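Note that the chains are named A, B, C and D in the order they appear, and that numbering of residues resets to 1 at the start of each chain.
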Amino acid sequence: MAANVQYVARETASNLWRNRLMTVAAVLTVAVSLSLVGAAMLLKQGVAHATTQWQHGVNVDVFLKAGVPVAQEKVIDQDLLQLPYVHSCTYRSQAYDYNEAKHLLTPDESQSLSASTTPASLRCVLNDPGQAQAVAQQFSGRPGVASVTYPSQAVHNMQQVTRILQWVFLIVAVILLLSASVLILNTIRLAIFARRREVSVMKLVGATNWFIRVPFMFEGLLQGLSGAVIAALSVIGLHLVLNTLGDSRTSNVFTQMRMPIGEVLATSAVVVVIGLVVGTVGSAFAIRRFLET
Amino acid sequence: MAANVQYVARETASNLWRNRLMTVAAVLTVAVSLSLVGAAMLLKQGVAHATTQWQHGVNVDVFLKAGVPVAQEKVIDQDLLQLPYVHSCTYRSQAYDYNEAKHLLTPDESQSLSASTTPASLRCVLNDPGQAQAVAQQFSGRPGVASVTYPSQAVHNMQQVTRILQWVFLIVAVILLLSASVLILNTIRLAIFARRREVSVMKLVGATNWFIRVPFMFEGLLQGLSGAVIAALSVIGLHLVLNTLGDSRTSNVFTQMRMPIGEVLATSAVVVVIGLVVGTVGSAFAIRRFLET
Amino acid sequence: MICLENVSKTYQTGTVALRDLSLDIEKGEFVFLVGSTGSGKTTVIRLLLREELPDGGRIWVAGHEVALLSQWRVPYLRRNIGCVFQDYRLLPNKSVFENVAFVLEVIGRPKHVIASQVPQVLDLVGLGRKRDSLPGQLSGGEQQRVGIARAFVNRPLILLADEPTGNLDPKTSLGIVRLLDRINRTGTTVVVATHDASIVDMMRRRVIELDEGTMVRDQARGVYGYGT
Amino acid sequence: MICLENVSKTYQTGTVALRDLSLDIEKGEFVFLVGSTGSGKTTVIRLLLREELPDGGRIWVAGHEVALLSQWRVPYLRRNIGCVFQDYRLLPNKSVFENVAFVLEVIGRPKHVIASQVPQVLDLVGLGRKRDSLPGQLSGGEQQRVGIARAFVNRPLILLADEPTGNLDPKTSLGIVRLLDRINRTGTTVVVATHDASIVDMMRRRVIELDEGTMVRDQARGVYGYGT
């Protein structure tokens, strides 16, 4: 560790500059591959958020018979709320349901509807979408209740899909991380290989291994850092793009995937740390074989 | 193009061997990055398949009142089938529905159920899951029909999710392809950079640009090919893994994503072609600036 | 065969390597280019090979004005010129045999010609036994001799030799110079940049002396220097 | 100071570079190592620097047996040895100044020492004006002189010079040899492998001649050769 700070700083700076092509190549490799890693991590978290959103979106609609007295409606509402897995219920008037139906259906289909034939409903949000069937079983057939609808197969699929999606993105992130490491190590190895004669000359004039290694490691550190910062900025950029998409149209998947900026910054930080570590350790590792003898 | 075949073959082979480190680096880069591209392409297709499967899974359940005469059941069935967007309907007895309910619910919940209180139902598969609400509107309240249930918000989400998933994987594939190209070009550039003196010596003894370029391009071609073949094998491997997962548990997402081997091979072929092209063109491109003057 | 007319060359660093240099070398001449280190000998050779372009003046080689030559014709010019480089410039990944054979492959000589001619030339420079070594496995003198073999294996019109005996012992040097002389007698124009006083003095050929990029002497049957 | 005992060295290619070589060089001696090209001079220097290990025999340098030296102590051995390499071995990405300064940085000399000592040494070899050039921007002789400056900038115990005047004109060569002589007079052991008959003959120092890896002559006040 005989190398003093000033020597290392000067050496690193001039090496980075004089081997521009390699610097650019290494930074590019880190930036591209860590961007992919970061994006995968972001998407994984996005899906986690969206899942919560989607689960809140699984409603049990309790359609009320036309002309049910308000008192009975209240009782049904209260009974529903007593169930532990019901989160909240909203009363929707006949007019509201009619409007919604008109909105969801094509003009052709909604022609046959009218506000008076559309039933009023209690739309209940569940804590656990798996319990939808239980609610339906209990309330369909109760006095005042016309029917209870809930998504059955779809709920099942949805749960599976989001669970698996999270896994997929996690696995993708891990695979990309491994790939990124391989690619970055590869690039560093090539760059150092191109300078192997230089290393051997340094050894011949009496430089210790650490004296040679430290500037190379700092080079790797800075390359990894620069690449990782670019990658982190891409991740934040991706987040902003998703956010904008989420704003422009209401209630699409992007809105559901929106997540607090804190998590995005955490992801970016992870990416930067990975870049630093892979760059530094990679350089130290790559130079090893040229330092032997 | 003065280079004759034998010269090119010998030159390429010996260069690949004598620059082993670079050969390995380039092949590795191509293999890793094209595997990712291939995997993304495969997943996109998988989702496309799964979507079809999921859409078939969106059912409208028409629950029948207990004690409805068989004739009335038939009429309801036929009326359902006359709707253009209903694909098929299956009659499910009270016993069947009871069993299914018991299966889906926890023992606690199913205690209150009995075969006689569970309604029989017609489970209809739709050609277009977007029409579920229309079916519900038309049949709920009909004589003999207790209630009609269908997934509403969930259907909406599901359609959005799968549509967007396909886009996501397509975009991911394109981004990965661009990244792969950048990384491969990068690696080739570094490898050729390390041999720039060699190129300049060849020029000084009177070699034409093509004479120098052709062996380099063949090197790039072979490196791209080897890497791409590894990538293609990984894609096929991934397919087999997904298939096995799809077999072991019934009816999970992996089963739904299963696709014919033909498509997998097509994907692999695309990957190989990409590798070939990027390797060859990349080499030709990378050597360009060392051939000037 | 070789003609420089008011040639000047300044490198990007600002070093003036040649100043207004004019010289004329006829076909079949044997010329020594001498001068202290840094006087511009290698620069002259680089310009003749079109490795560098002059800043001013005109240069003719083998009937072509090199600066006007289009890119794609440069290789064909270079095939007429054999060159021994001061720093050898061997292909590090090719064996001795392949290094020499490469020049013949470049001009499209058939395989059997290569197979017969290369060993012959290697024997001539005394490297018959090292034909499969890589340049990194040779001593300095051996590398230099590979460079010499490569330079004249395709019987070029012009042979440029930059310090061809710098790493050779006097006996081997003498052998190489005799070889250059023999090549010269077959009609090849030979230009040798050298510091080796003994061979210049022995050969007694035309000597051109450079000093800081200008010609200070052009002597028909000259010696290495006045002051040594 | 330097002692070889029955040293032999065969390269991986099967070339026998040294055969049973024994020699002894005292502290403060000035020795010329001569021999035809490929006779093993560079190999001797490589062994002394521990760039290669001998296959047989033992080598002592500055009191250490090099083959027994542990890896981490090799750099400290090398700091006692200044070496001028036949192929210069300059750091291509460093300027002339930085190349020379590097040796001092390696041994941890403070900045002001470097700032005063390096220009002094560069002036001594006549490169004061080229201090900011990169090696690729120098003529052959200039690169060689950078190598020489680097070899003795840290006043080593032993100075090994492999063909230090191969690319220098006779006048500059003479200056370099005088410099080596001056360094030798300060107590430094100097070993010069060379083909340059004139400097050997002029200096009249101990001459060791190799032929195919064996010592054929060890003469106290020798000349370059009998036969030239």
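The rule is simple: a residue touches a chain if its C-beta (ideal position, glycine included) is under 8 Å from a C-beta of that chain, and two chains touch if they have at least 3 such contacts.
A quick note: this is a predicted structure, and the numbers were derived from the prediction, not measured.
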Q | Chains contacting each of chain A and chain D, listed by label | A | none
Q | chain A and chain B: spacing of chain centres that average the CA atoms, whole Å | A | 19
Q. With chain centres defined as C-alpha means, what is the inter-centre distance between chain C and chain D in Å?
A. 28
Q: Could you put a whole-Å number on the gap between the CA centroids of chain B and chain C?
A: 62
Q) If each protein chain is taken as a node and each touching pair as an edge, is the resulting graph a line, ring, star, complete or other? A) ring
Q.
Strictly by the criterion at the top, what is the full list of touching chain pairs?
A. A-B, A-D, B-C, C-D
**Q.** Residues of chain C that touch chain D when the two form their complex
**A.** 11, 13, 15, 34-38, 42, 86-87, 133, 137, 139-142, 145, 162-163, 166-173, 195, 197-198, 224-225, 227-228
Q. Across the complex, what residues on chain B touch chain A?
A. 21-22, 25, 28-29, 32-33, 35-36, 43, 54, 57-59, 61, 63, 101, 104-105, 109, 112-113, 133-134, 136-138, 140-141, 146-155, 157-158, 160-161, 164-165, 168, 175-176, 179, 182-183, 186-187, 189-191, 193-194, 252-253
Q: Can you check the complex and tell me which residues of chain A touch chain D?
A: 2, 4, 6-7, 14-15, 18-19, 197-198, 201-209, 211
**Q.** Contacting residues of chain C [partner chain B, same complex]
**A.** 49, 51, 72, 75-79, 81, 83, 85, 89-94, 102-103, 105-108, 111, 150
